[in-house]
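Down below is the structure, laid out as structure tokens.
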């Protein structure tokens, strides 16, 4: 597919049931100015159902010019570590979970990689978003536009927090929560 | 290697550091009358360091006539589930651990296999031995000799327990432990 | 009961409250072509409320020609291991749970079997289904029809994953999720 | 065996490897004046290796006049709950463990008994001793001698604690620990 | 209060928020023929809010003729162990929880009692009911009526399980669940 | 802001999403007679989004006359310990969580402070309220009004518990719960 | 005992086996200039063996002029919360443990105090020391000498860390560790 | 210090007690050809004892030309996340632990970073080494020498595993372990 010529980030997931978590990785990339199909791609690649595809994807990643792979799966969560083992580009593993127990399961499967096969681990929806931002940090060194967007994003976070501080300081918790609960006017 | 013509059980481990645990699988097989190199084989096969070997081993297992694979690994413990995904013969996964935390990690990685890719899970040294016995149960149906040995083994367990019961009943715990602690005569 | 003449798989559960989990074991068997009452049976057998029935069932299993027992129970989860202790045919234990804490409880009770009494452990709904498939693997060696169905099932899993991959690759996560959420046309 | 005519407490363990823990149950009984072979007995009874013995022991317990059974086992820890299911006399279950993970396993197997089959749970060496004392509480209602010994035991605990309090209060922790560390004179 | 003359079982709870769990202890007692206000009493006694009442209740329990105390509390769950420390009659501690994490907390607080102060531990709603049955086992030795009711209760459990077994055996899981789901006729 | 001249307690939270938990700290202070804006303040201060504000707040706390800081955050929960490290006034850390797993995470981050940097730890909504009361205990030594209110609050807790005890004692659990469930009259 | 006239801090422990942990609380107080018997006292007070002493100690603490109590115990760890319930001066609870499992147990028992009875929680040896420092923070507000010593202690921590930084920066890890391992000259 | 002109990787640790773990990060860098003081530096930087140094280090990292920071700390483990919050270069956080409980604590503190502040998580000694390799992957894209060394390292891993496989295959576990145990000849 010609459009993948310039793909810089690959987001891969073990199953489309992982999409509600992994979409946040793509959301983070878009927040830094990257675009679907132009700069990043999203793929369903299962370590267990399509192991050949997983291997091909990992082995060709460097040649295709991918700078980083973000891999997410739940349960046994083998996709993340197996991908990290079959490429030398950085792999960010997102441990996906539906409930706390499964969370530990996937996290344990990711965090226990043996010496020699590094996997950078993140967890859950927040972790998927942060994996996207982390990919941005990797690219920001050579890409001034991403770097600038990243700094702006950080500044927005800072200002939003300060605004809330001023509001809470003034109102106190009861009034603050009361105003949040009431319907917003147009 | 011609000697593997009749190999019925494959014991595979992610690293030779898993051998102190996995040797117990072989010990169980020998207790049922199987022999090294003739009936079972032991292999170091790493999901992360030798993924091609892992795939070849799993894909050729049925053609080679293997009846069951016993796979053990610690940490992320991907070997067990990846092997189960690439064959249709039964795979028994032993979750290996050096301390309680790692135990949970490997166990979680094994027990969380997705729908469609079954892995029968065992844990630790005792689990490795039991996986060997379980392999024996699979073969006992068509192999009267293994079946007989299995029944004898069970009877030995029963009698040994009854002997200890009689001894403890007679002596009481203090005397029983005192006799155990004293040096055995020749 | 004459119809049990050819029963090959016994699915036993500690209580009918375990049925929403254990039905998936039967579902897997049917996916491989086995039929209720003809090839497999489902039974409520409680280790605590009907221990005599449990013992009789386990002790007669081999003579009745059962090839494998799939046992599921929650809480203390004694059914699985007690059954494994009183037969020499393979027993697949499904640890059942309603919430994460109970999950650990039943899983621990199953995974801790002593040396000499092997229990192959699975967990939850997915594990119940996989235990059914695992039973299929045991039978596939001598039953070409089951083997064929198993391979077809695997191929369906593979193709379904590839189809989703192509769709997600093309659409991206936001559009993919949007299309999933919209009502399907007739 | 005629000596068991008046046995009031049965201490049963799954394996003699449980004896270092379970001996403390017997120690507590002796502290209340009961005697080995006269008032209590100790038995090796395995749920998995000698299930028939387990059943016979539980079913005959009431007729033999046992007032309470203290059952201890580790790992899957089925002995405690299975025994409780096959008698109506009180059963005290001691969850045995060698390390923290196994501790959780045995404890979970005991604490998860289903509605209708009560098991009073204790844990580890301290729990084994306390199970012995708890048996003493059951008997103290009708046995003034046991009751008196129990009260004396409690008073000893109280006085020993007060003595240590006075000593620490006077010396402070550094001097207290220094005196504890130095060799005692004859 | 004169009506407590013959109270045999005291059920105490740390807060009335524990009642939805602890009511099951009273339900078990009633299933064995005991009556509210005549044979057992229920009390709100907080280790933290009414420590004097807790102490008085525990210290007077033996003189009042109580045969057993069933104590339930959640969170720090001090009521159970503190009560056990201030009486010599048997205390059954029910660890109460609203979610899995709190469950571990209350269970840990109960199971960790020091040597010399025994507490028999149960957990959750099922445990509360079983604590009531366990109290029944204590009384059954000298009370033929309770003993008889207990045996009847056990038999009901057995028969109900056998009935379900027959039904499931005949129908299979899909039909069994379908019939359960459909509205019952009058 | 001139109104902060006499602020005695600072309540700080990592995000306004922590407010439903942390409002209970303010509620406790008001129960002891302190007033919003006059005696205590509430602030949104993020260790990660506004680290400079966090540092300034902690470093100026003593000079501003604050007697105690109550800090709450979830997830990585760095706010509590970082604040404790940059001031010498007492810091009460509330570990916030949305589900049990996150609870452990935030609690672990708070309870693991290194030697030399003390943080007093509380957990969840109940802990936030109790942190407010604990602040009251600190102030009660020199503030007779707070001390008096605290004693009154304690007495109310005691009496409310005794009232419930009397009610439950009289009604029994079934009737008690029935009366609670029925609609209250005007 | 007349010497307790000016005791400002009470360190209480459930058993002298808790002393190796709790001595660190006293060590912290001495680091701030307080003296054994003059400014602080250490006591063995058991919630279970000497509950009357516990109650008396807590109830008289305010009248005796104690400014803060540091309470440590392991296992069920009731001392900390029971003491907090019977006084209104601040109580710092140290959760003591010998291994990770017991750690969770004691920590859970402390962290779960109900609304209305605040306990400030610390854990282990490091927590005992930090509880001592936290007591120092409480006193520093009105005691310039303690405040000064606290600031000096903090400065020592800072300088020691900077010194190590310079050393490691210069040497690198291998040489740094090599120098640490070699015997120090006189 | 002029020598830091070309420093590409900063390894920072909360305390020199973290060095036995974190030295493995440096070891990995050296395996890829980087040199101490020339290419990477090691620093003791404490979030709690030297927060100003931590902030300065993070804020100046990009200007100094650092390409990645590897941060390790145990206990509350705030260094990793606080550093990630104050720079936009990639931060790899190593959760350090001495025992399983602390492992969970530090891991939880790292894995729970809020949306917007990404931290790539690794754990323990193996994780420290892998973090070093991961840093190598980041640099390999533009640095052919590192890339080449990385590929060689991977090949060594592969060959070593294959050698062990051949050896075990030939010898079987008992003989393999026997040869390992015997003293090596010169």
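Per-chain numbering from 1; labels A, B, C, D, E, F, G and H assigned in written order.
Convention: contacts are C-beta pairs under 8 Å (C-beta built on N, C-alpha and C of every residue); 3 or more make two chains touch, one makes a residue touch a chain.
In this text, all values refer to a predicted model and were calculated from it rather than measured experimentally.
Select, from E-F and A-B, the pair of chains that is joined by more C-beta pairs in contact.
Between the two chain pairs, A-B has more contacting C-beta pairs.
Find the geometric centre of each of chain D and chain F from their Cα atoms only, then give the gap between the two centres in Å, rounded to an integer.
It comes to 42 Å between the two C-alpha centres.
Between chain D and chain E, what is the separation of their C-alpha centroids in Å?
Comparing mean C-alpha positions, chain E is 21 Å from chain D.
Need the CA-centroid distance for the pair chain A / chain E, whole Å please.
Chain centres of chain A and chain E, defined by C-alpha means, are spaced 49 Å apart.
At least two partner chains per residue is the criterion; list those residues in chain F.
Chain F, residues with two or more chain partners: 15, 46, 49, 75, 100, 104, 111-114, 116-117, 126, 157.
Tell me, which pairs of chains are in touch?
A-B, A-C, A-F, A-H, B-C, B-D, B-H, C-D, C-E, D-E, D-G, E-F, E-G, F-G, F-H, G-H
Would you mind writing out the residues of chain E in touch with chain F in their complex?
Listed in rising order, the residues are 1, 11, 13, 15-16, 19-20, 22-23, 26, 36-37, 41-46, 49-50, 53, 75, 99-101.
Within their complex, state which residues of chain E touch chain G.
The contact residues of chain E facing chain G are 14-15, 46-49, 51, 55, 74-78, 81-82, 85-86, 102, 104-106, 108-114, 116-117.
How about chain E: which of its residues touch chain C in the complex?
Touching chain C: residues 100, 103-104, 126, 157-158, 160-162, 164-165, 167-169, 172-174, 176-177, 180 of chain E.
In the complex of these two chains, what residues of chain B are touching chain C?
67, 88-90, 92, 107, 111-123, 126-127, 129-131, 133-134, 137-138, 140-142, 147, 150-151, 153-154, 157
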